[in-house]
Amino acid sequence: MSPWDPTVARLTWHSVLGRRRALVLLLLPVALLALCALARALAALEGGDAEVSDALAVDLLAGFGLGVLMPLLGLIAGTGVIGPEIDEGSIVYLLTKPIDRFTIVLTKLGVAVAVVLLLGVLPVAASGLVLTGELDLVTAGFTVGALSGGLAYCALFLLLAVVTRHAVVVGLIYALVWESVVGQFVPGVQNLSAQQWSLATVVGVFGDDAERLELSAAVGPATGWVLLVVVAVGSTVYAGLRLRRLRLGAEV
Amino acid sequence: MLIETRGLTKRFGAVTAVEELDVEVGAGITGLVGANGAGKSTVLKILLGLLEPTAGEARVLGLDVTTDGPEIRGRVGYMPEHDCLPPDMSATEFVVHMGRMSGLPAAAARERTADTLRHVGLYEERYRPMGGYSTGMRQRVKLAQAIVHDPQLVLLDEPTNGLDPAGRDDMLELVRRASTEFGISVLVTSHLLGELERVCDGLVVIDGGRLLRQSTLAAVTQETPVVAVEVDGDVGALLPVLVEAGLTLRADGATLLVRVEDDAALDTVRDAVARLGLGLVRLERQRHRMTELFEEPVGAP
Amino acid sequence: MTEQTRAGTVIHDIGYRHYDGPRLTTRQIERALFTETVRAAFGWGRSARSKVMPLLLLASTCLPALIICIVISVVPLVDEVPGGYPSYPFSVQVALAVFVGSQAPAVISKDLRFRVAPLYFSRPLSRTQYVRARYAGMAVALFVLIALPLTILVVGALLAELPWREQVTAYLTAMGGAALHALVLAGIGLLIAALTPRRGLGVAAIVTVLLVLSGLQATVTALAEEFGASTLADLGGLLSPFALVDGTLGVLGADDASIRAPGLDEGLGVLYPLLVVLVVAGCYALLVRRFRKVGIG
């Protein structure tokens, strides 16, 4: 069983980057880059030394980059690689081919990850550059954070799309209500937040500088990594299993 | 006249979709026949007041399409060719809603929906979501939403598309009933001549936006003084006998097409067949077939 | 009288009855579509499943109001409603954003995705009337979502014997703001939903757009304030629909309305109400244009 099917990959790539979805996806990195450029511009206007403080950079990248950009990107890409096909029933064409279900899942996951890399991780790295002007710890840390979080989000939301037709709404509730709103009020919830885990990986990269850069996460870096990997792998495996038993029909 | 057009023309830039159409459609079932791209959809849109003609005029139910569009649409029904049913609604919900959109008050819409669905042949299924319907059931719902508000005229766009032969028969039967039992006049578009023959009272044939032919079917399929004779046995022996008896005829394969001017000629045929000891399989008056229309030279109706 | 048709089905034929009753005018039909839209926005008349989301979100917009009421009735020294009335929608914007995202597609995407729209337009209703009915319906639903918690607040405040004149004035101002919020959000939501009829994409697109705009607005304003760019700080509110309406209320004179900087009393402040009008009119016009493209046949 090969983990990658080029035809499926090509078709999925074209479908997930269909005109409308691509526009929505593009909105996210463009917004982040615009924000960072603005911060840089404002800093330049204020005083000759066009520097943005590390703390501010961390705030921006953690808040908008890992908090808004990555989850939404992962949601739209992760559900977009398989959700519409299942909804329209055209997934039958794929399921009746002699391709292993896990190959399908892995290939589609690969495409989603590619989208997230291109439109999420890369822009986050670029933003770090724009903000701090150098390839330093901040940039490296958040690139790692974006990568780790992005992988987990893609796998999680792809699974969600296989399991329910309302994947997008459920995913939004998770990303918005659970992680952000509830997370602020209910202490334990933060431990179950992929956002916090990805922040933890950033803390891991920062190492001893984490305190100076005013970044902390609800769990330790090692825990963060482990949980992210577990979620990514577990979601992928479970998605493959569910795909084997996928029931089609004119469901609401 | 339910529909009248005079010099109706519609141009989209350089493309002429409809040209100088002079059509009169009366009560009953009328077929609007033409190949795909002949301009049928454009004509329907104009008749519904949804498209402004470039030139000429059209009146539907006595109303002008350019000024009385909404009123026309309130008294006319339309059944599209494409799928148009949301899968998570039931037929009842959908038709009630469409009835209200046509101008029926809520209670009347519910009542008429129940009646209409029954008339088109949807019973318990009507409460289930339409996603699970077969094609035949879907076509019935589409027809139901077109007639729920008791229109005087209903426009059906390729109603038998996608149906199997049994389904086609059912749909045509429904169309026929709509006209004869419900008293609703029908304009049916199709690119299939054969099936229209069975139900239409009148015919409008267009090609490339121009009118090819228009007539009532009675005129089209007039009786001709030609009789087809088929025998069980050697038809070659019969032919010379009939010629000798003074009849004009020609052979069409194993069938003889005999021109008969009166009943005496029929008797001649019968006696000849009997004398030769042949079995008479068929002795049938010939009618024009609709397909002949397209073999004849283009001319005024 | 029963009849056997060729197909073998038995039809108890009491005959086809014609309809001679009243037929409604297009305005009445528009009103019927409007009420249907408000119902659809709350999942009324559909399966229980489709009611979960909207009602859950209604509860989430009302919950903070209830909590505040309890707080002010229990703590006797409070003499004003914490947070105020006009900026309440701003604080529950996540719930509002998810509501629009979830319900705007429910209201309008199906007509496009399943091609029901041609059936509407082969009927007396015109395209502008259709869009008006849908827009107004969605706006009313959003208004309810904001007005209900505001009403809970003012009732709680009056019961806690807060000074009634202030409370009611602020409440009425906030209700005006609620109407503006409803119009702006409905317009944006319906437009995006009409442009993304595929299932799931509409929700994601609307929520993404609204939240990214909110995030941008908050960050830009914070950045501007940190770097002392006061003009930018004043205008930052234009970025997000929620801040836009909030700022408009402030410009139009509501004292405790605006969470924006006071510098808006100068000429630039007029940009806020201007943009509100532009957004509402623009969304409406674009919606009509989108539906003009729907043809029959």
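Annotations for the structure displayed:
To keep things simple, chains are lettered A, B and C as they appear, and every chain counts its residues starting from 1.
The rule is short, and it goes like this: contacts are C-beta pairs under 8 Å (C-beta built on N, C-alpha and C of every residue); 3 or more make two chains touch, one makes a residue touch a chain.
These figures come from a predicted structure and were not determined experimentally.
With centres computed from Cα atoms alone, the innermost chain of the structure is C. Look at the CA centroids: the one farthest from the centroid of chain B belongs to A. Mean C-alpha positions place chain B and chain C at a centre distance of 48 Å. Rounded to a whole number, the gap between the C-alpha centres of chain A and chain B is 58 angstrom.
Work out the mean CA point of chain A and of chain C, and you get 29 Å between them. Of all residues in chain A, those that touch two or more other chains are 252.
For chain B, residues touching at least two other chains, in rising order: 87-88. Multi-chain contact residues, meaning those touching two or more other chains, occur in chain C at positions 47.
Residue ranges of chain C in contact with chain B, taken from their complex: 5-7, 9, 11, 15-19, 21-26, 28-29, 32-33, 36, 45-47, 110, 114-116, 118-126, 295-297. Residue ranges on chain B touching chain C, taken from their complex, read 40-42, 44-45, 48, 50, 70-71, 73-74, 78, 80-88, 93, 97-98, 100-106, 108, 112, 115, 118-119, 121, 145, 149-150, 157, 169-170, 173, 181-183.
If you check the complex, the residues on chain A that touch chain C are 20-21, 24, 27-28, 31, 34-35, 38-39, 42-43, 45-46, 56, 60, 63-64, 68, 72, 75-76, 79-80, 83-84, 87, 165, 167-169, 172-173, 176-177, 180-181, 252. Of all residues in chain C, those touching chain A in their complex are 47, 49, 53, 94, 98, 101-102, 195-196, 198-201, 203-205, 207-209, 211-212, 215-216, 219-220, 223-224, 226-229, 232.
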